[in-house]
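The same chain A turns up in both complexes below, where it pairs with chain B and then with chain C.
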Partner chain A sequence: MKELKFLIAIWKTNLQSAMEYRGAFLTQVIGMIANNFIYFAIWIIFFNRFKDVRGWGINDMYVTFGVLASAFGLVSLLFGNAFTLSDIIAKGRLDYYLSLPRPVLLHTVASRTIASGMGDFIYGFISYGMSGYFTWDGLARFVLAMLLAATVFAAFLILTQSLAFWFGMMTNFSNLVLNAMLTFGIYPITLFDSYAKLILFTIIPAALMGAIPAEFIRAFTWTTLGQLLLGAIGFLSLAIFIFNTGLRRYESGSAIQIEV
Partner chain B sequence: MKTFSKYWSIFQITLINSLAYPGELVGRSLMIIPFMWIFYQLWKVTFSAAGADGGMISGLTLRDTLWYLMLAETIELGRPPIARTMSESVKDGSIAYILNKPYDFLLYQFSTAMGETIFRAMLNAVFGGLTVWWLVGAPNHPEGFLIALPAILGAWVLHFCINAMIGLSAFVVEDVSAFTWIYQKFSFIFGGMLIPLDFYPQWLQTIAKFLPFSSAIYGPSRLFVTPTAEFFISVMTLQLAWIFVLVFLLIVAYRRGLTQLTVNGG
Partner chain C sequence: MTSIEVSNLQKTFQTKRKAAGLSGSIRSLFKPEYSSVEAVRSLSFQMEAGELLGFIGPNGAGKSTTIKMLTGILHPTSGEAKVLGFTPWIDRQKLAYQIGTVFGQRPQLWYHLPAMDTFILFGKIYELDDRETKKRIDYLTEAFEIKDLLDVPVRKLSLGQRMRCEVATSLLHRPKLLLLDEPSIGLDVVAKQHIRDAIKRMNQEEGVGVLLTSHDAGDLEALCKRVIIVNHGQIVYEDRVSNLKRKFLTTKMVEVRYAEEVSKDYAINGVEILKVGNYGVKLKFDTTKTPVDFVMFNLSSVGDIVDITISDPPLEEVIAKIYKEVENSSLMDNPRSRKSIGTM
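Up next is the complex of A and B:
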């Protein structure tokens, strides 16, 4: 409860800070919504010509892209530093968070808001609304699936970026796995054979961010809910464990850092 | 000649600088591998489901499509983020140190952009090419790469002009990220970066093929897989026309932008 109050206070401060430059904030939000609409036009063109990919049609793409965009946006908004955690570790910027009486990981990742994330978050709901699958109980499932997908995504970022405790600067690797996660998440899962699917549930858990949440939104099943819950709890526990293990190895050059 | 040598030196310095961190260069270029793999999965299923006539959709085989996409990705992933760099230099005030040097701002930016592009694109082509070769075999026209080379260089000039114009808008609005995202997505759609323009509905093909985005991506990539003399002439003519128009607009935008620039720090 104490940590939740702390988180809400950080998020409020982050939002106020982002809103200080209201013009830039709105440009980023509206720009990102427009950006997503334009990107999705490619899939409209594709399915207009080829109709479906092994039973996967444009309506499924609306739901998949929607839940993935909202989950991505939520993590960008609430845990913006998860995207740059490896830089923070490698450059010794954890010193600041270590010196304060709050959970290091939570404080670090929640200390930045990426304004454009609001655009992604909003767009996801619009995309779901346009999918033709919209129902009120479906919307409730959309919110739940999006929260679980966001948990998997945040955990995946923390997990991969925490490798910086062992390997130092790894911006390229982080970008590579981030891009792989998003790219594989948006493509129809019916494209992949069973080996590729195994990878998409484990090493790069893109299926838990796109296809499985989309399946759960379209129709409730205990299996998909179980997969999402298991994925979210499993990846989050693993991410926290890896971060804490790595933290024991952390050392910095006591460089003077300013956190704004 | 002396003026040219100045920019040639800037180009060479940036080129050598780009090799200073080979791990970084290689790491960044590896990104093309998962992209090509997923394109292969998508188009393999699509070609098979479409019951492609003679293994072809709109004149392209699966192999052509994959090699086309490899070059399109190489052009896109090879280009440096000029707009963002220019925007950052306006925000942190460092642009003041560039503007007061004895060289032309735009030519300086162009020389550095090209210096950063060469090795980045080469490595993307190597990793992308090896992946596609492994997945679908050698290109049907390996000589197409040489024929497409002038169009690839022209594509980077076009990319530079549009990106520099976006970057210059930082003189007025400071943050240009929204414009760069939207430009990138227009490149995806009208450039035919994820789907060759030949697969589009006819009306959209007609519009897209006339726009500069297609000269920057579709033209060179299609030329690579269909290296005919007529197509070469058609691609180069349209591309040169767009280069003239965009260079003119860029110079006008730069002159106007300078009068509105406010340097905040440095």
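Up next is the complex of A and C:
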């Protein structure tokens, strides 16, 4: 409860900071919604030509892309620094968070809002609405699945970016795995054999961000809910453990920082 | 009561070494070489509650590393430290409620928002209730003279104005101890004075202890009662500022104006003549070698004195002299060097 109050205060401040430049804020939000529509057009063209890929149709794509976009948007909005954590570690910018009486990881990742995330977040709901699977029950499952997918995604970002404690600057590597996560996340899961699926549940947990949440949204099963919960708890615990272990190796830095 | 107790604190960093050029980069890619840099070496000192302690030294002396260990930002390689009864790197969160920190090179104010928004956020971070936060903001606003700055986005403030807001932010939760790492860096004379006055006031009114690192001897002179000088991660001098002055301010500068014209070959034994003008002379002498009354007698024997100014050299010169003597001294690696240099 104590941490939730703190998080709400910091998110409010983030939002105020992002909205300080009203024009830029609105352009980013609207621009990102438009961008997603344009990007999705390629899948519409693809499924017009092939109709279905091993039982996976355009409607499934709408749901998968929707939940992935909203989860991505939510992490961008609420935990924006998860995308640049390695940079923060390598440049010694954790000092600020370490000097304040709050959990370092939570405080760090929650201290930035990426305004375009609002566009992704909204677009995800629109995409689900257009999927043809929309029901009110489904919407509730969409929200739950999206929250769990966002947890897996944020945890995965933290995990890979925390490697900066050992290897220094990890920005390029982090971008690489981020792209892999998003790319595989929207591919029809039916395309992959069991070995590939194993990778998509573990090393690059893209299935837990796209296909499995989509399956759960379309129809409730305890198996998919279990997979999502297990993935979210497992990856989050691992990410926190890796970050805290790495924190002992933190070396700070003397770079002059001119803004927060 | 002791607020900081440090014993044999040590911090060693592993630094990557690489030969210059592309071949060096390629070699380093396959066979990286590391060397150890001892940023802090067997540091031991104490600070009393409510004390104003200056912690100074040249660049790379280990000042910031020490402050970072005392706030729990860095884990030491070895040694012990207690700050307000807490081990900083173990009880970081508990300690953070009791101390305030300002890193002159690392702002804590939100750059795009007015300082007031950061104050409110910090109120939540330190779990103050809204009424208490407001009351405290009012008090600090008056103490730091920042009432007119609170609603202006921080990016539009001058460095001096921003620094006043930074220090005020760090005092929002009524800390018992304030750790200031170069708070006056880049500030003009007036801005420095503002900050010093406000810190002094907080020390007097609320008993806040202050550990201050600075390159500015003026900060030391204006604020601190005691000083620790560090170099190469070790304490090389530790004493009261008044003793430092007494021991090292042995040189006097004198400017004299005469009623009559002064001879160009003006000279006094044991006195260094810096400048001879038509009616005035500027000179300096060491009081341990040349007695003051001898100099005064000789000055008055030249002619009728119209005006005279006697001053000490700036403390900055004294500190530079200490650094220089330490650099030249082989005592550097001797743990007892602190005493030896203290009696120079």
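Quick note on the criterion: the second predicted complex is superposed on the first by the 254 of 260 C-alpha atoms of A that agree within 3 Å, B and C clash if a C-alpha of one lies under 4 Å from a C-alpha of the other, contacts with A are read in each partner's own complex, and residues count from 1 in each chain.
In the analysis below, contacts are C-beta pairs under 8 Å (C-beta built on N, C-alpha and C of every residue); 3 or more make two chains touch, one makes a residue touch a chain.
All of these numbers come straight from a predicted model, not from anything done at the bench.
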| item | value |
| --- | --- |
| Touching partner for A:Asp95 - first (chain B), second (chain C), both, neither | second |
| First, second, both or neither for A:Thr183, with chain B first and chain C second | first |
| Contacts of A:Met1 with chain B and chain C, given as first, second, both or neither | neither |
| First, second, both or neither for A:Glu20, with chain B first and chain C second | second |
| Which superposed partner A:Arg248 touches (first chain B, second chain C, both, neither) | second |
| Contacts of A:Ala9 with chain B and chain C, given as first, second, both or neither | second |
| Parts of chain A lying in touch with chain B, wherever the complex brings them together | 23-24, 27-28, 30-32, 34-35, 38-39, 41-42, 45-46, 48-50, 52-54, 116, 171-173, 175-176, 179-180, 183-184, 187-188, 190-192, 196 |
| In the complex with chain A, residue positions of chain B that touch it | 23-24, 27-28, 30-31, 34-35, 38, 41-42, 45-46, 49-50, 173-175, 177-179, 181-182, 184-186, 188-189, 194-195, 199-201, 204 |
| Interfacial residue positions of chain A with respect to chain C in the complex | 2, 5-6, 9-10, 13, 16-17, 20-21, 93-96, 98-103, 248, 250-252, 254, 256-260 |
| Residues of chain C defined as touching chain A within the complex | 13, 64-65, 68, 71-75, 92-94, 96-97, 101, 103, 105-113, 117-118, 120-121, 124-127, 153, 155 |
